[in-house]
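Report on the following structure.
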Amino acid sequence: MDGIPVMTEVIAAGDDVYLYLDRKRTYLVKVEPEKSFHTHKGYIQLGDLIGKEYGTRIASSMDIEFVALKPTLRDHIFKTSRRTQISYPKDISLIILYSGIGPGSRVVEAGTGTAALTSAIAHYIQPTGRVYTYEIRQEFQKNAKKNLERAGLLDFVELKEGDVTQRIEEKDVDAVILDMATPWLVIPHAYTALKGSGVLVSFSPTIDQVVKVVEALDEHGFVCVETVETFIRFMQVERGKTRPQTVMTGHTGYLTFARKAIMVQHES
Amino acid sequence: MDGIPVMTEVIAAGDDVYLYLDRKRTYLVKVEPEKSFHTHKGYIQLGDLIGKEYGTRIASSMDIEFVALKPTLRDHIFKTSRRTQISYPKDISLIILYSGIGPGSRVVEAGTGTAALTSAIAHYIQPTGRVYTYEIRQEFQKNAKKNLERAGLLDFVELKEGDVTQRIEEKDVDAVILDMATPWLVIPHAYTALKGSGVLVSFSPTIDQVVKVVEALDEHGFVCVETVETFIRFMQVERGKTRPQTVMTGHTGYLTFARKAIMVQHES
Amino acid sequence: MDGIPVMTEVIAAGDDVYLYLDRKRTYLVKVEPEKSFHTHKGYIQLGDLIGKEYGTRIASSMDIEFVALKPTLRDHIFKTSRRTQISYPKDISLIILYSGIGPGSRVVEAGTGTAALTSAIAHYIQPTGRVYTYEIRQEFQKNAKKNLERAGLLDFVELKEGDVTQRIEEKDVDAVILDMATPWLVIPHAYTALKGSGVLVSFSPTIDQVVKVVEALDEHGFVCVETVETFIRFMQVERGKTRPQTVMTGHTGYLTFARKAIMVQHES
Amino acid sequence: MDGIPVMTEVIAAGDDVYLYLDRKRTYLVKVEPEKSFHTHKGYIQLGDLIGKEYGTRIASSMDIEFVALKPTLRDHIFKTSRRTQISYPKDISLIILYSGIGPGSRVVEAGTGTAALTSAIAHYIQPTGRVYTYEIRQEFQKNAKKNLERAGLLDFVELKEGDVTQRIEEKDVDAVILDMATPWLVIPHAYTALKGSGVLVSFSPTIDQVVKVVEALDEHGFVCVETVETFIRFMQVERGKTRPQTVMTGHTGYLTFARKAIMVQHES
């Protein structure tokens, strides 16, 4: 129809599969031919999955059905960061949309942490864009690298050890995305790093951090400054018993967005 | 630094700029060299913007400062759909993240409407992916095409006139995304169109639609079925006066997500 | 059955009725025998209502049906304060429950404003309790008095012109309830006015006010200090079309509650 | 000043006190002169509290300070029902305000359960009103009676064993308040029990129950039918660290309110 090659993807040795038992029990598992994966509902011979289409149902040794899904970005970030298990994806998704990034974008991020947000950014800017992610705490680098590798996104990311409150090395980037304790200290460096019209995003749990960031943004000539808070509520849907779920995350953090306006140089 | 070409983008004749006056007054304007753009705060000679860097501040004839931003995806979808002006972006962003799509994905969407959601999908799957968007109401096609063209995304979209409750022509697609009145009638066709492990998304304003969709998904062997509702609240941030804004959208719609599991063919 | 006299209440000349046309059109009307009440759906001869039971349906001159309800506390406070029309009742109701007041309680309130909150407090402490309501702006007194009179609650209220940031005259009150710009300045006076274990409530729109109040409460030896925010969302319920309403109030204010602990006098 | 007797309340033997250690640790304790109350922060000689003013600070054997508060209605209902510990008070408070009840009201309630809602109604209708509370499950009566007695509200309540889907014995009541599985079956009986203009309230966790109740209300000639959902979010307030709390209850139930309009008897 349109010349884009379409092929049914089959599971290969070494692939990750996302084993689904039910809504609450899912597992990210590497398919090693000789191994089996054990659960309290019996074990699965991982070699049996090789050559099967993603999405295949497979019975455990206790004859309980699992589904071998292909992990999506969301599955990866859910599994690599405890923080993201329930509510953080609502923030990541808004960061992606409001930051204006897409394939080819160059993005500075700090701090790296477990690389959950890094993975999301890398997923959407690949293959021609690049994420420069800064982390001051050296001990996070190894785990972050492992998580990015597992998600197949390491090639699009530059892991940097450095303190963005001191300096950002990149220039003319499309977006600077901050999830750190003192984002207001980064605003002057972010201004220098961004191209004109570029987007700054800051995620902060406390309202005190938000006020300081917004003041710094106003001071440095950013425009379109806005702060929002998002919520997600899960529904239990079943005819005759439909209702929102009792458990809900009440707060993760506030998101602040702004755009770089070029300061006018007055000539003398 | 890393071999990715970096250049400062300048405004060219024919480009769209996103003129920012303040948080509530922004304008999407085509830069035609001989024209001026009139507001109640004076007019701007559009030709003056040519050759300037995006993000440049420019004074109107009444000496009021505007900023000439480069329109982002969000600016385009805000300006092309009244529905999206306040709250719909929260839903679009979650659809993008949870659908698992990214550069290269092939996605079926229905209905096209003003192409706001189509634009978002196209933005993230470009340049190698493709969106097949169905619309049954012929009169929407022209406007949808114009909006996609203006956002620079038309090349990645196939606008189709057709009824997805009858048939979806594509096969092995990564995601099927529905924003229409009777999504439950599309579930069997979506199952056939999706590759194994592919994602189905449905957006519906009423709980009655949600119940019907979830029942159809369960019946057709989808797994990971979940329904959520999202909220966004804007904050007024100013030291000494910080508070959430009074106005908030209470409801746009429910989002249902599911993944295709392969039905086992029992041999005889 | 239990000796409590039960009688069907009938509408008398001079009574207020709450005329209901539909969910959005209701009217608080005094029944004057010779008058008629005009709406765009025809007029109603008010004298016709006299002697009828509350809740009676009555046809207008255009044969449109209205219902003559007995005004409840809520109807009075909705009609006497624009602020209360949609969202404030959620706050008033929590103030009543958490302040611990009931029949017989003595309560200090500031400021009076339109007396919407005053009415609610008076309703629940009558007939043996008393509300001492302070207002610094003299011009509010007349309207407040009129509203309390119309709601039949004036006998239980003492309207005072005075500045509670300077002084509260009452002693051993059960609760002090503040809805004013600088509640933190009242905390020392509230401490003196309250009986041991008494409840302080403060309603504030901004987070900055909340922080100052909480600091003042901690400093003055209050305990059980807690701050909450409430939301109310209206549903559209109709089989096949059930959904939350689009319009929702995102913020009215924060509510802070605390209780007076007695300072220990150390003997020498 | 106004002739209302004011006295400082002191703790007497046999009274309940609400011992406060911190926001998360509070205890409802009966003051028995010879007993001591043991916690992991040391014990308190209860006899030492007798004759002290409510609100008094008292040191435990480990020299940790507790505060002996006078239990409010809220403290009683929090302590007598697990369900009410976090979120249900938001619903109880709105039920009280919107039901229009106050001192002197006669109210039918079903089901009694642990009498948390019963206590709240009784608190506000005392001393001249009365609550008729029905419970079909006999085993709840004893505990409900004990809780009402402890809250000092038993005198204003008639505990009835009976099935309100079959019959309500009272007539001309001000409000009927339902917190039960099949409220729609009670609507015809509630209509008969209510006085004209009286208020019906129904609390239901699922949307399916709400739809059935609203249909029954429309059918039986109720007006002012409206359904709402409320939320409460707790704030952590501390200068430099202020933020909403992470934990929030996402759903308790929907509240439906309606008022009885008198059916017109057409004469022939």
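As written, the chains take the letters A, B, C and D, and residue 1 is the first residue of each chain.
Rule of thumb we're sticking to: a contact is a pair of C-beta atoms (placed from the backbone, for glycine too) under 8 Å apart; a residue touches a chain by one contact, two chains touch by 3 or more.
Please read these numbers as outputs of a predicted model, since none were measured by experiment.
Within the contact network of the assembly, the step distance from chain A to chain C comes to 2.
Between the CA-based centres of chain C and chain D the separation comes to 19 Å, rounded to the whole angstrom. Remark: chain B and chain D have CA centroids separated by 47 Å (rounded to whole angstrom). For the pair chain B and chain C, the distance between C-alpha centroids works out to 45 Å. Residue positions of chain A touching 2 or more other chains: 207, 233-234, 239, 242, 244. In terms of which chains touch, the assembly is arranged as a closed ring, every chain touching its two neighbours and no others.
Listing the residues of chain B that touch chain A in their complex gives 1-2, 4, 6-9, 20, 23, 26, 53-57, 67-70, 72-74, 89-90, 92-94, 96-98, 100, 102-103, 106, 120, 123-124, 126-130, 158, 169-172, 195-199, 207, 210-211, 214-215, 223-235, 237-239, 242, 244, 254, 256, 259-264. Those residues of chain B that touch chain C in the complex are listed here as 205-208, 233-234, 239-252.
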